[in-house]
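Next, two complexes with chain A in common: one pairs it with chain B, the other with chain C.
Let's look at the complex of A and B:
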């Protein structure tokens, strides 16, 4: 069919332009275009629609991962700590809230925040709605990772804190949390890769991440096989090294905390 | 009807409780105030009564050892004093001040966490499993509380910690993390860490039970040094009868949540009066 990859990418095809007329074009000029338009990076962040090439969209995907995971890490810690307070009623409320978030699909939550919010006067941009939904969803997952890790720290450590008269704040942030970190890292790495692979769900509300742009390109040229393959390969190429790096980070943290011989 | 009577019962018991509390002084005064006083202290886990209205005084500078079979409540005594366990009745006084309660309108009420922190600063504790902070070096373990609780400058805290580590004979190990120290060394760091807070009362909860036999000596030597050189009040739970006999001023034998017998070591070990004490001591002796 094609003699070489360069043949394939320079192949001339036909597509409909905005006036509905058939025009000649080069297949996939958009795969390797400049990362963002002339307006620059900052403008591209404000308006997701500005990113119209696959690699530009990869930038949006990564931004979504870092923002979403950042929210999830902090809110997840709040969820985990919220289940360890002295008030049993408060613990129960947080517990049920986490359970509720964990038990509903992410896509439904994204739709809900974006489309149902305006009914109650809360209108959010696709980015804000998407980050809220994906951040909360993964916060619920991460809170369980934190909860397990905090429980894995021996009870004697908290008792030593009481015996030394340390404040509750110092006990948690200075003694318990650092020791819980090595226990939490495997689960946290798991969900980092998870959130990366779940960002395509944001396309349903029009965040221009990779999948959104890929379907746009696919529908423009009526060829999905190539663009979807490339998207899959990009995900794979980023996930695999991340997983390896996370393992390295885990042993580094253990060493840094002096918890290896 | 039922609900009303239940309410009445609740109010009655509250009034009764307040009446009861008025029998406890809000503060112990006088010349011979004990360092620690347990007054009618009761501890229950659900229906199980672990300690049944315990009365125990520990004088200033006294070294008291607590012995007894497992499940007799001896560790619970230490844990209640360290506020690791809530008490279900009675009052504990430390240096004349109530620990578990605070004064309000001339009557004792359950203490607020902030108040407890001011009183329990007088108490230090060492544990069976050391409970050193594994992510800190020996020195960092020792300066953690002085810097964050006593608000000492880091320089002063390090000076004090070095002095204490020197005393337990670990000056050259102070930059090591606990994982690189032997059990005996870890326990000595734990003792130094507790001493850095300059407590008036020191609690030792089976400090040699988790150690290999050959390193028990290094820990008991440190404790002996403490007893002879420092003016500390000590309460020790132990299974080492010989050690307890050597260094204690008084031995308390616990059985079934009560003090079955107490006295000076010689009298209690050589001439126990109660049958259960005799049984326990002969069982321990035959095990050796």
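Let's look at the complex of A and C:
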């Protein structure tokens, strides 16, 4: 599959331009790593040089998505629980912090995390800084989703836990959280796609994800047309089916838990 | 128009003068040691950047509202062609990321003979992107107008167009306003990306200031706070005001 796609693009690139003029094929091999096609996909993956191609960078993008989303899921839960504590002042502080993160741009936050560290003698690599920033940003979003979902669980459930003398931890993780999950799923799915679409912002601090490599390829040959178009198509090709899949998953969970609309 | 532009420019310079007056006693040496010094040296750039961000946001809001209205109504059209076009627009702009769209408009459209300066390319890209999200909001609001309103308009023999203009859309506006509040904050955040195609907005200025001063926490901290204040003190209250104004006439139990 990989071989045929890359071969296809390299041939098209060699023959004609979108204006119908003959051009040298300089862009397309770079995108999919045609040089490796004889060795096969597995060999190509092992070669570090592949990360200079768009196809290798797609892997980096996906790694960034899953790392960032993992951080966001855990920290987001902390933010959500932090707004339900007994101390009103603490709840208020967490709430304002979440609001602050939610209403400021992610790019500036990435810059902030990346550049503020060195001022205090802590140097973060682009990956660490980028994952921290994107994870925190989406944690703020996910905490809103969790908060809504936790509030949607009937109050009687928490009261029943108290009546049964369950510990706070057991009632939260055993009773409340599992019931909140179906309410949280649609929002969580949306933000998974959201984080995927926001990973290009990591290019500003030099994380080699798709858009970073695409602009590098573009500026190397001073031709952005193909690269940008293909990056756009890759985004579409991944995000639209994922959205459809998530909707399926959502209805499956609802059905499995016996919830009907 | 000229009067508005000159008023706008004088407000901008008045703020700079005010800032300079407040920091009058601060002397700026080569190295920056304190926050007042930082402001005295880079305050002008921050003010310029803030106004550029506001301009871009305002123009992007115009584009977004027009696109959202057109394609949101198109999404519930009876014509399959119009529905298909609207769905394509919405799915395309919601399915790819804003940076890709921005770069595509800036770098690829010249290939097809349409050269845009960074300034229009910036707000057009942000407006088109958020317009797609807005179109879904508009569609949802139109579908949330009670069924009886459609039937009543039908009973009064209104044409579909008149029904939409006089009965459905005015009620849909009230329903969609809270969602637009969130969307406008997203739009403001989206305009931070136009700095990447060298529009001199707040984000662009922050990068410049950082490369001149290496004062990261002052630079990016100030910029984050400015964005937060725009969102919380300009966008949210004005949406609240609009909401209370518009829903006053629509009393529904």
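Note that in this section the second predicted complex is superposed on the first by the 211 of 261 C-alpha atoms of A that agree within 3 Å, B and C clash if a C-alpha of one lies under 4 Å from a C-alpha of the other, contacts with A are read in each partner's own complex, and residues count from 1 in each chain.
By definition in this document, a contact is a pair of C-beta atoms (placed from the backbone, for glycine too) under 8 Å apart; a residue touches a chain by one contact, two chains touch by 3 or more.
Keep in mind that this is a model prediction, so the values were computed, not measured.
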Touching partner for A:200 - first (chain B), second (chain C), both, neither: second
Which superposed partner A:123 touches (first chain B, second chain C, both, neither): neither
Which of chain B and chain C A:257 touches, first, second, both or neither: first
Comparison of chain B and chain C by chain A residues contacted: C
First, second, both or neither for A:151, with chain B first and chain C second: neither
Touched partner set for A:163, first chain B, second chain C, both or neither: first
Which of chain B and chain C A:211 touches, first, second, both or neither: second
First (chain B), second (chain C), both or neither touched by A:111: second
Partner chain(s) touched by A:175 [first = chain B, second = chain C, both, neither]: first
In the complex with chain B, residue positions of chain A that touch it: 154, 156-157, 159-160, 162-167, 170, 174-175, 178-179, 257-261
Touching residues (chain side chain B, partner chain A) in the complex: 82-84, 117, 120-121, 123-125, 127, 129, 131-137, 144-145, 148-149, 177, 179-180, 193-194, 197
Interface residues, chain C side, partner chain A - complex: 91-92, 95-101, 103-104, 107-108, 111, 185, 188-190, 192-193, 195-196, 203, 206-207, 210, 214-217, 219-221, 223-224, 227-228, 231-232
Touch list for chain A against partner chain C, complex: 18, 99-100, 102-109, 111-112, 115-116, 118-119, 196-201, 203-204, 211, 214-215, 218, 224-225, 228-229, 231-232, 235-236, 239-240, 243
